[in-house]
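Below: a set of structures, written as structure tokens.
One chain, chain A, appears in both complexes that follow, with chain B as partner in the first and chain C in the second.
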Partner chain A sequence: MSGEEEENAVELKIGDEFLKAKCLMNCEVSLIFEHKYEHLQQVSEDPMNQVSQVFEKSLQYVKRFSRYKNPDVVQQVREYPLSFFSFVRVYMPYDFDRILSRHQLTEFELCVLCNLCPKTAEEAVAMVPSLKTKGRAHSDEVIEKMLNDLSLVKRFE
Partner chain B sequence: MFCLSELEDTVRVPPDLLKLPLEVAIKKVLQKLFLDKVLSIGLCVSIYDIKSAEGGFVLPGDGAPTYKVVFIIVVFRPFVGEVIAARFKESDSNGLRLTLGFFEDIYVPAPLIPRPNRCEPDPCNRNQMRWVWIFEEQEYIIDDSYQINFRVENISYPPVPTERAEDGAIDDDGLGPVSWWEGCSERNNEDDDT
Partner chain C sequence: MFLKVELPWNVMIPAESMDAKGLMLKRTILIQLLEAFASKRATKELGYYLTVTSLDKIGEGKIREHTGEVMFPVVFSGMTFKIFKGEILEGVVHKVLKHGVFMRCGPVENVYLSHMKMPDYKYLPGENPIFMNEKMSRIQVDTLVRFVVIGTKWMEVEKEFQALASLEGDYLGPISEE
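This part shows the complex of A and B:
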């Protein structure tokens, strides 16, 4: 991001590297951390010792503010390889890719929407003002359709 | 929000860790260096993965091998203008303080609290002042009953002492809080709609 342009997520000025980088939703962080915690429990006699406070408190936070809460997701996650170099969305990747391209969202906007779960178009625009800008000028109807699409995303089977 | 970030750094693995598998040893060193530290890209909350580790050369006069490591960390990185969900921590006449649990230095100064409002002594806590928002003749006490959504207005990094002599891909090696001031776009919407 150039020095002259001030950062402002309201207008989606957040630096090119973040527009394309791996922004994570809280529910994805929750999966990663749960997985890590499970792994620690398997390899260590005392997993609590291994886990730092910031990790534990972050896990608490993301579990609380997660859009997609699936009680049996930890079971699913155990079957995933611990180490994968490029992050794979464990929720139906097809769904998110479709939502991103159909509504021309950036990853950043998608993550904020999934973290805050607005129920109406008005709420969504209050939380992510850039929805109405950046040449897309989404109508309320379109935004509501998008919110509906998000609510239908299923966990990767 | 949370992000994955790829970094490269030169890592020295002290001899007492060499009995462990290399990846585990390097991870331990990385955790010590980065966990809970504020970097220019955000607050590091976890070492996600090690992509590669090269080298392992022992420099003259040193008992420990040094590796060039490429790795991925999970950082928490607030953006100006981003709306984030938090909980109430405490308040006084200057304003509110909010918390995310793993990060607690979020301040909402009085002018950015929704108006009309008033500030009064907290009947449950003599040392605290509490804020009350008045909306359509209803009064809403700002406390920890609900989630509070806030918009990041400003991020301030305290002056950071640079302990490390190496320059890696990392600019800052800081300890200490990042404080944000926000326009409190108040949304007490835990269970109901406002």
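This part shows the complex of A and C:
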């Protein structure tokens, strides 16, 4: 198997089958699951009946593998209005949507980066090889800037 | 990768439940949807069905003549988990064998990492068997491992995914828990 084939396999499979799909980071899933439990308790007398074994396993997984713990930070980053900053030069670090568009990342790439939290540009490219392909050819400098953006979010936790 | 998807669905409400109106009916529809969703388990296209996040649209009910059930076409948002070839993930080792280890990743129970894909790691048998390399890095039960997915398999009958992993690549291998 060639490296190129694999990175394309990941991107293509997302593109073709999931036009109306969005990727979620482990930390977002963790929040959604917590809210789910609360909601289910209101809707049903037996909430455990409404969740499956795969839900349980996934819940355990995201609890262990979430890199961003603060729910306020996680919620802010997804909902932060992009338009507010379209004419503002001041850089606001805690904005995943802005990071997405500023660095031309796909949802999939952003989620992998946020799940794995690479420390250097080299590690980031190893985790998401497509950063260096698909016509964007991000330089190491640009990638380091991106990682810096993401790590600043963490510092607000 | 966890995915948020928007899906159409036909919810069947038995005739007995049709006395309820308004909010009670909506609640009945939601509960039926949740049960049907939970029993679906997984599909090849979308992966494991985890949970419904919102009920977005409820269409007009149509009576099924033979059974007296009412069918409501709905649109809902839900969350699934699918494992992709080429994706880099983190998982937990739950079984160590001579030829490799099995890891759990999200709802996927069996991600297999063959010893042939663990460069420089050697099997050390014992009551608690481990794989260890020259730098004393260990892979054993409950070790967290970052790996690349080199293959996936969908099993139609069991409605399960299996995956093959590899540590061949930079920055892959055991990781420490934060």
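Everything below uses one rule, namely that the second predicted complex is superposed on the first by the 100 of 157 C-alpha atoms of A that agree within 3 Å, B and C clash if a C-alpha of one lies under 4 Å from a C-alpha of the other, contacts with A are read in each partner's own complex, and residues count from 1 in each chain.
Note that in this section contacts are C-beta pairs under 8 Å (C-beta built on N, C-alpha and C of every residue); 3 or more make two chains touch, one makes a residue touch a chain.
What you see is a predicted model; the values in this text were computed from it and never measured.
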{"item": "Touched partner set for A:N26, first chain B, second chain C, both or neither", "value": "both"}
{"item": "Which of chain B and chain C A:L116 touches, first, second, both or neither", "value": "both"}
{"item": "First (chain B), second (chain C), both or neither touched by A:K36", "value": "both"}
{"item": "Which of chain B and chain C A:F65 touches, first, second, both or neither", "value": "both"}
{"item": "On chain A, positions contacted by chain B and by chain C", "value": "6-10, 14, 18, 21-26, 28-29, 32-33, 36, 52-55, 57-58, 61-62, 65, 108, 111-112, 115-116, 123, 126-128"}
{"item": "Chain A to chain B touching residues, read off their complex", "value": "6-11, 14, 18, 21-26, 28-29, 32-33, 36, 52-55, 57-58, 60-62, 65, 83-85, 87, 108, 111-112, 115-116, 119, 123, 126-129"}
{"item": "In the complex with chain C, residue positions of chain A that touch it", "value": "1, 5-10, 13-14, 17-18, 20-26, 28-29, 32-33, 36, 43-44, 49-55, 57-58, 61-62, 64-65, 67, 108, 111-112, 115-116, 118, 122-123, 126-128"}
{"item": "Residues of chain B that touch chain A when the two form their complex", "value": "1-5, 31, 35-36, 43, 45-46, 48-49, 51, 74, 76-77, 79-85, 100-102, 147, 149, 151-152, 185, 187, 193"}
{"item": "Contacting residues of chain C [partner chain A, same complex]", "value": "1-6, 27, 30-31, 34-35, 38-39, 41-42, 45-46, 48-51, 53, 79, 81, 84-90, 92, 104-107, 109, 144, 146, 148, 150, 169-172, 177-178"}
